[in-house]
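Take a look at the structures below.
Two complexes, one shared chain (subunit A), two partners (subunit B, subunit C).
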Partner chain A sequence: MPPSDPHDDAQQVMAANKAAVSRALNLVEDRRPEAQTGVTKLLAELKDAPKAAGGHRVGLTGPPGVGKSTLTSALARSVRQRGRTVGVVAIDPSSIRSGGSLLGDRARMSFDPSDEGLFVRSLATAGVVGGLAYAANSAVRVLAAAYDMVVIETTGVGQSEIDIVHVADTVVLVIQPGSGDVLQFLKAGIMEIPDILVVNKADHDELAQRAVSDLRGALQTAHAVGAGSGQDVNWETPILATSATQGTGIEELIDTLDEHRQHLDATLAGRRRQGEVQWTLDLFSRKHGEHGVSTLGGLAQLKARAERDLDGGQTPLSLCERLSREYVTALGKTP
Partner chain B sequence: MPPSDPHDDAQQVMAANKAAVSRALNLVEDRRPEAQTGVTKLLAELKDAPKAAGGHRVGLTGPPGVGKSTLTSALARSVRQRGRTVGVVAIDPSSIRSGGSLLGDRARMSFDPSDEGLFVRSLATAGVVGGLAYAANSAVRVLAAAYDMVVIETTGVGQSEIDIVHVADTVVLVIQPGSGDVLQFLKAGIMEIPDILVVNKADHDELAQRAVSDLRGALQTAHAVGAGSGQDVNWETPILATSATQGTGIEELIDTLDEHRQHLDATLAGRRRQGEVQWTLDLFSRKHGEHGVSTLGGLAQLKARAERDLDGGQTPLSLCERLSREYVTALGKTP
Partner chain C sequence: MAEYGKRERDRPWIMRTYSGHSTAAASNELYRTNLAKGQTGLSVAFDLPTQTGYDADDPLARGEVGKVGVPVSHIGDMRALFDGLPLDQMNTSMTINATAVWLLSLYVAAAQDQGVDPSVLRGTTQNDIIKEYLSRGTHIFPPAASMRLTTDLITYTVSEVPKWNPINICSYHLQEAGATPTQELAYALVTAIGVLDAVKATGRVPESDFGKVVGRMSFFVNAGIRFVEELCKMRAFVELWDRVTRERYGVTDPKQRRFRYGVQVNSLGLTEQQPENNVIRIVLEMLAVTLSKDARARAIQLPAWNEALGLPRPWDQQWSLRAQQILADESDLLEYADLFKGSEVVEAQTQRLVDSAWAEVQEVLKRGGAVEAVESGYIKQRLVESNAARLRAIENGDRVVVGVNKYVEGAPSPLTENLDEAILTVDPEVDASQRAALARWKEERDNAAVEQALAELQRVAKTDENMMTASIAAAHAGVTTGEWANTLREVWGEYRAPTGVAGATVKTSGSGPAAETIARLRKRLDELEVRMGRRPKLLVGKPGLDGHSNGAEQIAIKARDVGFDVVYEGIRVSPEQIVASALEEGVHLIGLSILSGSHLALVPEVVRRLRDAGLGDVPVVAGGIIPEADAERLRRDGVAAVYTPKDFELDNIMSDLIDLVDRQHAAE
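This part shows the complex of A and B:
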């Protein structure tokens, strides 16, 4: 295979060439240094992709077993029917522990492979601590350059889902009737309040109704204990009921997603920039730890620096490389 | 206040002097460099505390709202009645997000303050990423030097609880009837299988019975998907029902804890050593990141090194300081 040219690759990704998108994601998953240099170059080329600015990055999260994959399929199909293109990246966490995968789940995600406007990829985070922050962030940038809507599907409850806030424009928390633990996490203020709440598997009217009203109560408690203080005060989290298997509630979900995307319009650039600042800090912290952060002046100073340099045209990956060189140089100077 | 002497402080901690234990935990919570130097010295003095070797470190974890604090109180009271001393460290995660605390929960933990054989401390992990690994590890070493049983109480579901495995001899997962999300995490193999499972709030016979049988099913699925492969194959996770408020099931829980402690006897030193190796690697990774790990030869080599040096008398804290010096020196040499 001849060495690829980042500029050409980027052009093909932006043209939503499926093979090119697939190659780009292979590169993202490849943790060898030379591959990562390639990713840095590619993302620099994709930085101002026209699709990305107008697109929508939707994070879909919740505990295992609530039907996120089925919901993602149903959502993607309906968005396609509205004439928009969709890229899906599913983070499979089960492989972290057992080496097994939720193939049963994944298999339920059924798509038409001949559809050029739909791309689906499962990212295994096997063994990589903080794998989501690393690979998903890059994967989302690739897909956002190619498709109108990007869906990031991930499993989690509690603090494991902090990352999704930094990578998605809209965070959708999916639960099912009987997800009592999630309610408790919300109530305790341990879990961020999502932008949209979905009760899936709402086939039984009574149980679903109960779950919706439980959630409404939990949200009130969460607000009362001071959770969501960093949240958007002008957006009241809607609670929707869906049945992904029966296809009910999906159109309403898309309408609500569109509403939130419109609601964000004025603040979206700032929200995404904060996500990039966080990604930069995460990358640098993972690479050089607390000592790296303190050597370069501490977290607050690094944050201000990241805001400035990202405004100046750096990407999180290129900026992290630059910071890394500065750190190693600084250490070399202190005896 | 005159500067304290680590040797004297350690003697007083080992004598279970409550004021000394309290001072030691203040030091652990104090993140200033001079305090941390003090912790390093103190833990070196406590390394071979006679109490520690024979003691029992119990981790009590589960989602919020299942009554962990009430159960901890009931457990501690009953253990005291059996003539053993108890130290409790409760990790309060709610403060990470909202700045609020689960004071309602904490207040329900009622103890006799005049009891010299019982010590309770709540550790706020506010704003500290990986706070559990950092402060709880040290706090447990202090309490283990002073009391027969140490209980580490922490909130979590899914991957947030990996740490507890490294700090506790016995991991108890507490749920309540209706904790469907935890069941899903177990089934998916995302959550480690605990040593003991407790269904608390088992006041209603039928619901509790149902929860116990659901758990039994979840454990079977978890084993089937290959979770718990790192677990002890000679120990079958018992499932107990308790009602902390009514005080039922507590004696059985203590008996089961004692059984597991006896079961561990031959392997306990090795299990604790692995926990210390992990703590060392966590400390060093947090401080110097992936670059630090790779500069010192990679994770496998660092692990072997930690095993050797901990056998040679280092503590995780002192070893991390030594590794840190080696790393900075190594960087200074490469131009």
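This part shows the complex of A and C:
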């Protein structure tokens, strides 16, 4: 690869040139130390992309088998029909044994290969067990600079929902009728409450209606026991029914997404910044544990530090690397 | 004292050869020759565009027209296919599924044109969409719409074409996808249950007539080389079907409870190495479905000895037909009552299969039945796992395949001396001539009548009326296969089925030479990741309309297990889509799998488009039934490596792939 100019590269990404977007994603995935300067420069160039500030980052998550890929495909198609462009990051787990992964989301998606306004990238979690991929946050920034809407699709109930809050403006939890697990989580207040709940595979009216009303009850219980504190009190989580295979409910989902995006307008920048701070801290503490956090002055201090440095142009990844180096140095000094 | 007089014999099964290629006229000639050789029924192989609802002029049909079967676009093609073959005297089996309603409509319309009343037609439409989602891959519509077409065809024929077999529930393709005998039994039965329940739910069949529907259900079964077990499997089928029809559907007439089945013996086990041995395999497999009088096939078609090399020639098919004729007419098999009644060994093994299959039937029913277990990926995942286990057993020698992993040394075979002439090649001009003929057809027909027929089809599709009547009218009006399918695509949409690969777990032993090989490959990929900055990423693509995904699935799983990041796109993707995916995904390597014989059209196109997209340095490998002369051409066109069925050691392929990525990285 010939050395490239980050400014030119960024311009091409912002023009949604697919080859350039792909190269930029390859770069942010690159874990070699010598690549990091390039990553930081590129992301700094993309920071004020016109699309990024006005765009919408949608996180789509839920247990395996609820039809998230098919729903993502239907959603992307309908958003395209409304004249907006879409970038998708589909995240699948890496095998713990081999480090490899099977990224199968494309198999469930149908798309027009000549469409310049739709871009799909699959990422493997690459060792970040149960969470989003290492490069997910950076990949979202790249796509957000190029496309109107970015959809982050990820599997799982638990860790990845908490992660997805860090990168998405709107979190959509997808479940299917009759999946009791999610209800239990909600009732127990374990799970952060998503911004939108979708009951997919609502092909059978009766079952879907029951699922919707069950969820409504569970949400009330969850609120009553004080779950989801820290959530937006001015937003009442809507519950929608979709059938991705039959294409029903998709337009309502887009309308609801738009409503939420509008609702966020004033607070969006702050929400995104908080997400990045949290992402940085998560990355660091996963790597170095509590000892790492306390060595560098404890959680509150690290948080303040992250807020300051991220404002100064660092990315969660580059800042985490920097903190890691500081930790290692500090370890050397400790007797 | 031996007796040489004429003896009482059972009537032999119907003998067929699965055939059709190039054009309707060429296939008609082939059918006439086959009948003259003593074949007693026809088995029509349609090309992939016809099976998946495209005309020859659709971009997706590129390279596939007339390849694995005959293209039938409209009633003119259907008439030409049966020219001079009186349909009231034929017994015609049609391997057709997603477009079964359409092809039967063309057949009925062609019969009417011959002055034949549809009520006397005899034959079979395969019409089993479940196994398409699971294995064969020619589905079009989502499950609900597909099941509606299935039941439309069944309820129509039960009342209008009473001697027709409206559906052939296929366990055949499940075995080809790796199913164990237990799985083959269980998943075929849950499919049949799903279909019968759906027919019942239409409310179109009066309760008193439901036995007739059950009585018309037929099956299409596979027979593999473990022929004693296969023989027991057939007997288990008979027993289980009797149980299902009696207990679940309350059918009292024993004739309506009979397990009626046809067979194509196993193609999966046919080898490219020492291919003449396949004749012996085919004969042994035929024994499994003929020896038991109480569980004997009603129709048999045998593959040809050279199928792993390419398309068989008429002589190759004749050799297989002769095997059937020798067993039925020359041997004394048909003179005896059931040979195994009372055999402790056979009955015990049959019972074991009955019990294990019944347990799996219950498991699927608990999960909501066949359609649910397809949509959730449950069945597909079980099949992918079984197939991985089968391949591993061959790779490590636990399962002997003569000439492949044992007794591999042999004298050169005179049969394959001139390899390129030992298979049939389809004239590459067929594509263009079929397109031209189609253009003429569209010009000469009454387009107003076509528009009207399509509007009616669209209307009916939105209601719950039977699709057959409107489809037969459309056939008479001159509507084409592509037009019929596209009209319905607009109403119902298309469906991409679960691949089963992501969740499939493959057990590997922790020690021994196989484990050491895996460990070595993993270490190399780990090192490459460090050097390259990101984990090597492989795109597995299946260009064209061919839906046989076993090879692609197994490569994808193996590649993940040695440590690649693998993007698997599923079946039926165009060269444009593959290149778009390669670009967006930032892959280091592309593997293409094609079994339909259209590799010469599709693989170079992918390579060319990659170059145009600035991805000319991404290595491409191809796998499939690819004759050596073609492989050479592909390599000349820039394909890095070509793999065929003889490359059964997946670890070696993985090692090659890692070499390719390594070399490419070093060159950058």
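Rule of thumb we're sticking to: the second predicted complex is superposed on the first by the 278 of 335 C-alpha atoms of A that agree within 3 Å, B and C clash if a C-alpha of one lies under 4 Å from a C-alpha of the other, contacts with A are read in each partner's own complex, and residues count from 1 in each chain.
Rule of thumb we're sticking to: a residue touches a chain if its C-beta (ideal position, glycine included) is under 8 Å from a C-beta of that chain, and two chains touch if they have at least 3 such contacts.
Fair warning: this is a prediction, and the values are worked out from it, not measured in the lab.
> Using the superposition on chain A described above, determine whether A:K18 touches subunit B (first), subunit C (second), both, or neither.
second
> Let me test your reading of the model: by the given contact rule, A:T40 touches which partner, first (subunit B), second (subunit C), both or neither?
A:T40: touches no partner chain.
> Looking at the overlay, does A:G65 come into contact with subunit B only (first), subunit C only (second), both, or neither?
The answer is both, since A:G65 touches subunit B and subunit C.
> Just subunit B (first), just subunit C (second), both, or neither: which does A:T237 touch?
neither
> Once the structures are superposed on A, label A:T170 by its partner contacts, choosing first (subunit B), second (subunit C), both or neither.
neither
> Using the touch definition from the top, say if A:S114 reaches subunit B (first), subunit C (second), both or neither.
Touch status of A:S114: second partner only.
> So, A:G247: does it touch subunit B (first), subunit C (second), both, or neither?
second
> Where on subunit A do the contacts from subunit B and from subunit C line up?
Residues 64-65, 94, 97-100, 102, which sit in both footprints.
> Could you list, by residue number, the parts of subunit A that touch subunit C in their complex?
Residue positions touching the partner: 1, 18-19, 21-23, 25-26, 29-32, 35, 64-65, 70, 92, 94-95, 97-104, 106-111, 113-114, 119-122, 124, 126, 201, 203, 245-247.
> For subunit C, which residues count as touching subunit A in their complex?
It comes out as residues 142-144, 375-377, 493-496, 498-499, 501-503, 522, 525-526, 529-530, 533-535, 556-557, 559-570, 574, 576-577, 579-581, 583-586, 613-614, 668.
> Per the contact definition, I'd like the list of subunit B residues that touch subunit A in the complex.
Residue positions touching the partner: 63-66, 93-94, 96-100, 102, 155-160, 176, 178-182, 184-185, 187-192, 225-227, 229, 285-292, 324, 328, 331-332, 334-335.
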